[in-house]
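Below you will find the structure I want to go over with you.
As written, the chains take the letters A, B, C and D, and residue 1 is the first residue of each chain.
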Amino acid sequence: MAGSTFGTIFKITTWGESHGKGVGVVVDGCPAGLSLDEADIQKFLDRRKPGQSKYATPRKEDDAVEILSGVFEGKTTGTPISLVVFNRNQQSKDYSEIASYYRPGHADYTFDMKYGFRDYRGGGRSSGRETIGRVAAGAIAVKLLNQLGITFTTYTKSIGPITISTENFDAAEIARNPLYMPDVCAAENAQNYLDACMAERNSSGGVIECIVSGMPAGIGDTVFEKLDANLAKAIMSIGAVKGFEIGDGFDAAKATGRSNNDAFCLAKDGSVTKTTNHAGGILGGMSDGSDIILRASVKPTPSIAATQQTVNKSGEETEVSIKGRHDPVIVPRAVVVVEAMAAITITDALFANMSARMDSIEKFYR
Amino acid sequence: MAGSTFGTIFKITTWGESHGKGVGVVVDGCPAGLSLDEADIQKFLDRRKPGQSKYATPRKEDDAVEILSGVFEGKTTGTPISLVVFNRNQQSKDYSEIASYYRPGHADYTFDMKYGFRDYRGGGRSSGRETIGRVAAGAIAVKLLNQLGITFTTYTKSIGPITISTENFDAAEIARNPLYMPDVCAAENAQNYLDACMAERNSSGGVIECIVSGMPAGIGDTVFEKLDANLAKAIMSIGAVKGFEIGDGFDAAKATGRSNNDAFCLAKDGSVTKTTNHAGGILGGMSDGSDIILRASVKPTPSIAATQQTVNKSGEETEVSIKGRHDPVIVPRAVVVVEAMAAITITDALFANMSARMDSIEKFYR
Amino acid sequence: MAGSTFGTIFKITTWGESHGKGVGVVVDGCPAGLSLDEADIQKFLDRRKPGQSKYATPRKEDDAVEILSGVFEGKTTGTPISLVVFNRNQQSKDYSEIASYYRPGHADYTFDMKYGFRDYRGGGRSSGRETIGRVAAGAIAVKLLNQLGITFTTYTKSIGPITISTENFDAAEIARNPLYMPDVCAAENAQNYLDACMAERNSSGGVIECIVSGMPAGIGDTVFEKLDANLAKAIMSIGAVKGFEIGDGFDAAKATGRSNNDAFCLAKDGSVTKTTNHAGGILGGMSDGSDIILRASVKPTPSIAATQQTVNKSGEETEVSIKGRHDPVIVPRAVVVVEAMAAITITDALFANMSARMDSIEKFYR
Amino acid sequence: MAGSTFGTIFKITTWGESHGKGVGVVVDGCPAGLSLDEADIQKFLDRRKPGQSKYATPRKEDDAVEILSGVFEGKTTGTPISLVVFNRNQQSKDYSEIASYYRPGHADYTFDMKYGFRDYRGGGRSSGRETIGRVAAGAIAVKLLNQLGITFTTYTKSIGPITISTENFDAAEIARNPLYMPDVCAAENAQNYLDACMAERNSSGGVIECIVSGMPAGIGDTVFEKLDANLAKAIMSIGAVKGFEIGDGFDAAKATGRSNNDAFCLAKDGSVTKTTNHAGGILGGMSDGSDIILRASVKPTPSIAATQQTVNKSGEETEVSIKGRHDPVIVPRAVVVVEAMAAITITDALFANMSARMDSIEKFYR
């Protein structure tokens, strides 16, 4: 099954495993004339780089991106942009034992069931390194969207039981703490919580929130290609994500029509806007011009040092304790992955929308 | 934007608006040789039919399905199956007023922003009638999957604040109450809650849960075409759905690795299984052989009789009170839609999986 | 295999068999705001209608099209346009015998090999009636393209050995003779040739040519989605077409660079043009602003009254003589099918092209 | 427009320009368990390598392929296979002048019209080097198909006016002469013809033929995804190809039903076969079990040393004479490209076909 391509017009194809020669992505359908260099992409990759705090694996990886095609004299040419990050820090020995048994919470067993065997080094294609291609492509999408006035604010909303508070929300704080939380108190509490998890050879889950501002209204489709449906697929395709919400999400199920409906009103400039945003910026699958608000639930890192029960490849029950360098929480490093996938999805939707009306098409071509 | 087709190999294309001549679906990629008649499809459509209780709109619609192609002598031929339900009970007058303003919580505004104008009769393409095509196609998918030993149990998990309890769970109860809840007490409480909502000219949301049993392990893909990612898109593409979960969903974000990991163990027959199912039957994007468990958060019906603030097409603020025949809760009628979309997604994944291994391909063709 | 959908943004899905309840098409991705009524479509269907001359099957079919969705108050709404032609003149008895053997030159044998059985009435899904959906969708595409200044001239270039001459070419003649030939002399000779074929219970092939004028330059893509590659697929997907050419086609293989290259020059208005058009309007997969010229080779009608050798379903060799009402030549009725498929392909390419340049996107959205 | 991906289940994505860092391909959907190493791919790339005779450009390029992902311990893993050929022999100076004018027969003008500017070095994305990715992917497809008993014989059928004769046909001769012609006399005549072309600073076109043996019957679809339609797109997407034929191709247009129909008969083993193969192995879009025979018309190399008229970017008419190292004929080096694209198309069709029948699916999954 060909499952490594995402998007229809703005289309990305990722490749690579954790312990192979490298990982990469081909970005096809990027318009010609966008200024782009390796630094634009590197700054996004650096947001997911390991080894930056004690809450992330201490592996030191350069993750230096190289543009192999599609850019000429500092601008995209309209042809596919091939991006690669060669693997440099491969300690295969750390992983050799795991070939023999199925790690709980990992894709080892399902991989064997699907393909008959697997590249067992470091999780292979199911490793978090697979997201490098997504983030590299997402950097291009975000740059493109910024030029259209669309911006992203993405952060850790909660770690285990610790959630940011609305009162303390400070976007400037996101880049200041290793957990990417926009609330200095919550970030401190979450660090204490993670210290306790680590002491117990345990790990934690959390929630990532992404806010997209500056969206034009009317983007997305009314049936299967609803903007929120495509965002859901994009976000749920990130490893370890177990839930997706738009706007009030699961709280909407408990609400009533009176409390959940957003009233339309007029902004000072006379344009149509809403008094509230329970809908999270999407009505009937199309953007309504308000901020798009989405959330992802990320499960705890399955690789824990504590002893666990499992089955080995000889079909015997056994006990395991996962060694090696693992993140006690995936959430902070996944923040940029969520932003990348949201940006890729929105770029594709904007391009698809350009032929929605006959009058726009006539204006474009005549 | 062409957004009315879903699926890659088992592919459905829906068409039709609430007050046009009819609604329908073309199912392409259905294998030849499946026994199929109109009764197989009708029984699914009857599960979403309005007018069956006071908690659903009192409109009486026959919703009688007709097979126009793709079936010969009682069996599918492998060619596209065209299914149509002609609209019979069209009271256009009920809806004429809504052409002039934007209903809160509806797609009126976003439709106008996207296309410049809209078919304002009964919501047009954004109406719940659009799901008839999905359900008709889903009936085929469920029948096909049943022949492979895969079965579905889908029900209302909660209405507003009323949730079923694990202790009272009784699948046989689902068909017995108008809310499709597998818990006789919760169903009674929920009906009381809905009565109160209706008295206040208000509406309620709820949660739908779907359990898929009998899945072979290894179905789905490891990156963008993860089975749970495609299920998320399928379910989020249903109107009014604002959140999606697989397994523990948002609870996984609060959990730790120790509590969230499912230990592998051996079943009595020596096969690999798990002691728990926090993962909801999917690991690394592929089915693990356990039950797939998914949930959808459904927002309250936006059409309420209570007075609401909005804006009209002349750009003036105004007040509206939605008249007409509306469901006080969408959840029960959407249960079969969730099941249909899940079945369509799983059928497509099963077909895509057939070429995953060289040894299977050689066995198939030599 | 889902093989009944064509196109990426402007997307059509056809359904129906020759002797089922009807045939139809869903056109998805048509922009909102195009004026459209049934007469627009009917005039295209009438060009492929049988029974109009002795060179076409004497079956009298109304082939009256009905619009079921996607049009409101005389304009497309942007939602899927469902078109249907119900079958009225079904003489199943004519075809019942053919269930038992494989007609030479038909898809009977390959259908059985693929699906295990087939709808044997009138060729089922392989019947020429399948093209009704294509022509109905093509009528919409042509209308849309005409509004952008793009026009089509499509005709029979040759019947068997009789070819039109450049000197006699008269586009006005196309609609005047039953063979749709733009050369009154060739049309007369071809009719004599066909009379002789019919007398021998034989049939004839021919060539269809389509000229597309008014194309903007730069439409199409440089690699797999070359405009000529997509036109080739579109045209070769029409039953009975065995060859496709763009510009000089197979004559280019015999040419030299000096004779085949088209020199660029300046038109009177200072725009870039070419002194010749061996390329047929496409360079490197993209339109160059000259007329697009394409040709399809159509094989002789395989259904002939003459005795032929074949094999029956019991695996015995046998002789057959195809009875029933068959066209002695398919070419004239296929002219409009070629035009339809070309128009659908070009519409899709124009829509895809709208996001090719960053400056156009910024202009569109800011 | 995303136009660098081809295929649905077996899917390839190419990237790279002639004078960038390299060219490559990502092959997605290749089944797990196929033995594969770099030598398997290199031998296909060597068939298109320049500098092997005086009839090909004297550039010496290693074109050494590297596998970056998707292969573990000598076998494909089911994950994307990333293949790269880094560019080593880049003489940018040769091409610098061409930035200023539009070369006749090239994509310079159409590129500028589409994207506003272009990578003018060596043709950029429109260069023949783009086919390296196709050939590398095709090597995998051919290896896979060989294991299913499907084999390819591909060769130069004609160069300019010189065509191979049926009597002299000798497949063993293909690898022995630099023109890949299966006829020793024709090969000698063609070399003389090319010598004369080169003396006149001219170039020649030709025809490539590909025969696919061992195909199972029933592969392909009946409507848009006809096997011959997809082969047409695959072959026409190769630069310089101007025509495509299946079986008798354009000769079928001159034939009659009696001469063109292939009679069915029984083979000695009792299986159904045909007495002739005018159809080229495909009936109604599906393989009929006979050899698939297809042809591509290749135009003369547009880069010729002779003086030609054109227009420069300042909008002035000018004369040019293309310098640099160019093939006097593209045909021999394109032989392996045709084979590669045919193999990729057929692999995809075989995979899609696996879910055509309910009985096969039940056997696969129960």
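The working rule: a residue touches a chain if its C-beta (ideal position, glycine included) is under 8 Å from a C-beta of that chain, and two chains touch if they have at least 3 such contacts.
Everything numeric here is computed off the predicted structure, so don't read it as measured data.
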Next item on the list: Quick one: superpose chain B on chain D by CA and send over the rotation angle as a multiple of 5°.
Entry: 180
Item checked: Comparison of B-C and C-D by number of C-beta pairs in contact, larger one -> C-D
Item checked: For chain B paired with chain D, centre-to-centre distance based on mean C-alpha positions, whole Å -> 45
Next item on the list: Report, in whole Å, the distance between the mean C-alpha point of chain C and the mean C-alpha point of chain D.
Entry: 26
Check: Using the average of all C-alpha atoms in each chain as its centre, how far is it in Å between chain B and chain C?
Finding: 38
Note to self: Which positions in chain D are in touch with at least two other chains?
What the structure shows: 1-5, 8-10, 14, 29, 32-33, 78-79, 114-116, 125, 216, 222, 352, 355-357, 359
Check: Which part of chain A faces chain C closely enough to touch in the complex?
Finding: 8-10, 29, 31-34, 76, 78-79, 144, 147-149, 216, 222, 350-352, 354-362, 364-366
Checklist line | Touching residues (chain side chain B, partner chain A) in the complex | finding: 1-6, 14, 102, 104-107, 109-116, 125-126, 130, 158, 160-161, 197, 200, 202-207, 216-226, 228-237, 239, 242-266, 270, 272, 275, 279-280, 282-289, 297-304, 306, 308-311, 315-317, 352-353, 355-357, 359
Next item on the list: Mind listing the chain B positions that touch chain C in their complex?
Entry: 1-5, 7-11, 13-17, 20-24, 26, 28-29, 32-33, 66, 68-70, 72, 75, 77-82, 84, 114-119, 124-125
